[in-house]
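As written, the chains take the letters A, B, C and D, and residue 1 is the first residue of each chain.
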Amino acid sequence: MTREGIVNALVLVCLVLVPGWAFYAGETFTITLATRVVILALAAVGLNIALGLGGLVSLGHAVFFGLGGYTMGILAYHVQAYEPLFEWPFLFEGTKSMPAIWLAAVVLSALTAFVIGLLCLRTSGAYFIMITLAFGQMFYFFSISWSAYGGEDGLSIYVRNGFPGLNTLDPIQFYGLCFCVLVVVLWFASRLNRSRFGLALNAARQSPERVEAVGLRPFHLRLTAFVISGAVTGLAGALFADLNRFVSPAMFSWQMSGEIMILVILGGVGRLYGPVVGAIVFVALEHVLGDLSDYWHIYLGLLLLTVVLFVRGGLIGAVTGRRAAHD
Amino acid sequence: MSLVLIAEQVLNGLQFGIMLFLMAAGLTLIFGVMGLINLAHGSLYMVGAFCAAAVAGATGSFLLGLVAALAGAALAGALVEIVVIRRLYAKDHLDQVLATFALILIFSEGTRWLFGSFPLYLNVPEYLSGPVTLPGGIEYPVYRLTLIVIGLVVALGLFLLIGKTRIGVQIRAGENDREMIAALGIDIGRLYTIVFALGAALAGLAGALVGAIQSVQVGMGEPVLILAFVVIVIGGIGSIKGTLIGALLVGLTQTLGGIFLPELMKIFMAPSAATSVGASLASMAIYVLMAAVLIVRPTGLFGARA
Amino acid sequence: MTEAVLETRDLCKRFGALEVSKDVSISLRPGEIHAVIGPNGAGKSTLIKQICGAEKPDDGRIYLLGEDVTHLSVDARARAGLARTFQVSALAMEDTVLENAALGVVGASGKAFRFFRPVLKDTEVLSRVEAALERVGLADAAGKQTSELSHGQRRQLEVAIALTLAPKVFVMDEPMAGLGAEGSKTMTGFLDGLRHEAPILLVEHDMDAVFALADRISVLVYGSIIASGTVEEIRADPAVREAYLGDLS
Amino acid sequence: MLKSLAVGASMLALLSGAALAEPVKVGMITTLSGGGASLGIDTRDGFLLAVKQAGNKDLEVVVEDDQRKPDIAVQLADKMVQSEKVDVLTGIVWSNLAMAVVPSTTAQGKFYLSTNAAPSMLAGKGCHPNYFSVSYQNDNLHEAAGAYAKEAGFKKSFILAPNYPAGKDSLTGFKRLYGGELAGEIYTKLGQTDYAAELAQIRASGADSIFFFLPGGMGISFLKQYADSGIELPVVGPAFSFDQGILQAVGDAALGVKNTSQWNKDIDNEANKAFVEGFQAEYGRLPSLYAAQGYDTANLLLSAMAKADVKDADAFRAALEEADFKSVRGKFSFGPNHHPIQDIYVREVIKEGGVYTNKIVGTALTDHADVYAAECKM
């Protein structure tokens, strides 16, 4: 087992033990925080597929996070308000079932990522960063003024959506569900990384001419990565909305995109568990620093600066000292 | 809708665009010469406004406030460049985005710590307040006219600086070939600090000028920052000419879109709904413009490099 | 005369006022090594780029296996059977040697959009990759990170990737560059045998290697082919001696 | 940010007869950092002032910063309920944050006392027995402005607000009691800071007055640019853009503007005097509307604590409904949907010894309730 492997295993054990302890100690809020960690990590794992493997610096991933959130919000809202979502071609009243919501969130995010990717991937470098940001802003302003679903006030869903066989209102059960989703997606991401596609995508980041010279189109590889990435972040958005039982345009904001990116970079770009470590540290900091001072953003800023300037490969890089391993 | 009103709105669009230009010019210079994406540029805009408000408040002189804004922002810019930014040139865009995002946090909360959470007072000086009647019967605020003039003068100065002076030659050399300026025996470190401070000073000036008719408060820089990015991306990163045209395009789109889109919508729907839908479309208009430009020309209107 | 595998007809390319290709017509026949030589700045690299599809010619046509590929993209030409090596190594430096070579197999198989099975556990891929590495003498370095390779080893890896594509044509841009005397000799021997698998269009500065390998030589000066023929003909050509070899003899 | 405040026993506690039973723990979630921090800080300071003045040792307050982000607010609410085990939540400034927190909080059986935000949803269909708004219903001040505009004889008002739900509610609220013709109706971009285009439209519209709702920095920008535009029409707005905290940043541009509010520092009663003087003594600045609302909320809570045990939800709710406390607004009572029935005043911005502030010039609405009460079934 490599050092990174050991770190990864420790992280997973942590994510099992801490909420487990909190459950027995009755520290319900710690479970809620852990759920937040897991969901934000999931969003960042999604971004990491585009960013770490594909080298696509997207400052617009809040689009997918928000779409996932609104998919949940809208589907559940119609059930809650007894107003069918549509009546033609068949009567559809919305749904409060998580698997159905997840499916819709993933499909919608993937489709949107396909369209946005098709347009944005024509550009590169700083232009790509900015055009993804622009798409984020479009969705943000649209959601603010879309009064049918609450506009800036957002949508409140009074009861968390259901999952067959689970009581999702019980924090530990909901945590377990989110944790399982994260583990499955991490497993998928690790397989993806080692697959033919992952190999080609990795190479396209490092040397696009080479990839072309062996008969592959970097554009196709990147677009596919962007779609997968958007779908995963969209799924995270649906879970995040369920955690809060609330969705609002804040999920579309460029600060949200920035935060997801921070999680990735903090933990280590391109590292499988980088986003998870990033999310743990970020949420913990938010919590601890917030208690220390009104002006805790200053300390957060200083810490981020330190990581960027002095720690190569994020926190995982600092611990393992090696480059992102390919396996 | 009368012609006078339309003319006035075009003036408003120009004025807005010109202020965006001041903000975006520094951003594009910094990107062109150093290859740096600086998200903290909006913070320098805020620093300028706060310096102006503090000094104008203490001395009662708006002009001194402007001087303070230029000096304060330039100083803050130089300081940040020396302490943080110069360590970022060799890093990729990703690290730059994160590091300058961190700078935003530090600047914003630092300013709040120094000045408190309440907005500051900064107003148009007596001699520039009130409207003036222009040919054609347009009543237009003197201060906004002044802004247009100052902006055009600065733009002209910037073109001259880059086109005609020694430092301009160095800047252009830096944009084209970083190794060459080293070979020419130019002190790159110093050049970079100067360019960054220059960009910061322009942002600070914009902050102070606009601060007089807006709210001087923490976080005022971020909305403008995003608009400035839209401007330089439309214009083509690194091109001052492109930035000027991009700024005017964005200014006009924003202003005229806000007026005509709701009117346009009234053709299709009830007035109350039309204003709401029109306003929604208007707030998305410049981003649509940007996406459209990039889809047709992936490096902006005047951008050379990919 | 057999049908040419690769052929350019009257290629023209200008960068502003500078004409980098002037009516360039060359052909590559089965089983041969055709070397293109010329002084620095003669337009060799631009010619290669046009042949591979990275630059569009302003005028003229390119044929691969008798098909007009002038407007095909780089990747389409690669799929059609054209394998190139780069003058400056274009490799995924963070990946291992094995992974770089596997990329060739993945590309050639046309099955890059497989998301689950680990590519390095695919025995079919592995056997082809290992065979290619073995042939260029990199088998021992398979597990190394590419950035750790010496310059010469990177050239070898370039060739190995080209081999994994099982191409119809090789286009090699200075495969000897930076190899050193010993390395050049090995590579020369290797390429000598390779021509029977697929013909090679070779751009090379190392004259010893060129004269040892080439069946035909074309001399490119200021964008024009000033001479084309066998090694003996080129050696004897006065225009070539004047324009290019003059400073060598 | 967490400040636990167990206020020590004092003479006052003994005098007031005080607590019947168990201590009450209050969780305050409000905005203490970032752009909107000044509103949250005032809310907190007003609330804590009342707690301190009462000196009731059975009231413990936990304060947290929501950064004006809905997801953070939800997280904090979870923390307050699950970890701090608070009985009552309060303090949220913004409607969108309230919508995120209130429904799930009240569903979990906790009380929520609103110090400011009171969106229509929570007053009508979404009302809840455990939810009380101590401030107003969001539409109230806009309705009052409409009523004032009608009374002042305006016939052709130009109205504008940001393009988001509170903005739309605002214009709807204004129109509800205004009744006159509109010279124009504009929704601006949320967060917009340049109003040149809108001012040009106002100038061209032939309006006889302006109503605007632009909270925070938007209002400051609008007023400064309005003053500079040379348009000289009467301006009316809700109190938010004329509050103590931001008036100083607007300066002369605000002088003479009429605005509607359910409170002002010159309302003549004992409670208000104690509040205004106490606030100045404690914090060295004039109190704002948000501080007054925080102060009233704390006093409402204290009054209920004196009557019932918070663990007995029904009794505690009944005690809250009585609203048996000395409001800084003078008379105060709750309607059937737990929103205030109160007078709403018209204020004018004046300069008083170098400080910009408001004085009451009239009453726009008397014993005013909201229109959503009918939709509330509880």
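Convention: contacts are C-beta pairs under 8 Å (C-beta built on N, C-alpha and C of every residue); 3 or more make two chains touch, one makes a residue touch a chain.
These numbers come from a predicted model, not from an experiment.
Taking each chain's centre as the mean of its C-alpha atoms, the one that lies farthest from the centre of chain D is C. With centres computed from CA atoms alone, A is the chain lying nearest the middle of all the protein shown.
With each centre defined as the average position of its C-alpha atoms, the distance from chain A to chain C rounds to 43 Å. The distance from the centre of chain C to the centre of chain D, with each centre set as the mean of the Cα atoms, comes to 75 Å.
For the pair chain A and chain B, the distance between C-alpha centroids works out to 32 Å.
One finds 36 Å separating the Cα centroids of chain A and chain D.
Taken residue by residue, chain A touches two or more other chains at 141, 144-145, 147, 295-297, whereas all remaining positions touch fewer. Looking at chain B, residues 108-109, 112, 276, 279-280, 283 sit in touch with two or more other chains. Shared contact sites, meaning residues of chain C that touch two or more other chains, are absent. The touch graph of the protein chains shown belongs to none of the named shapes. Listed by chain label, the pairs that touch are A-B, A-C, A-D, B-D. Of all the residues in chain A, the ones that touch chain C in their complex are 191-192, 194-200, 202-203, 205-207, 209-217, 221, 224, 323-324, 326-327.
On the chain D side of its complex with chain A, the touching residues are 1-2, 32-34, 64-65, 69-71, 74-75, 78-79, 82-83, 95-96, 99-100, 102-104, 107, 119, 121, 126, 163-166, 168, 187, 189-190.
Taken in their complex, chain C has these residues touching chain A: 52, 54, 73-76, 78-79, 83-84, 86, 90-96, 99-100, 102-104, 106-108, 110-120, 122, 145, 161, 165.
Those residues of chain A that touch chain B in the complex are listed here as 51, 57, 59, 119-120, 122-127, 129-131, 133-135, 137-138, 141-142, 144-147, 254, 258, 261-262, 265, 269, 295-298, 300-305, 308-309. Residues of chain D touching chain B in their complex: 33-35, 37-38, 41, 163, 168, 185-191, 193-194, 196-198, 200-201, 203-204, 216-218, 220-221, 224-225, 227-230, 245-246, 248-253.
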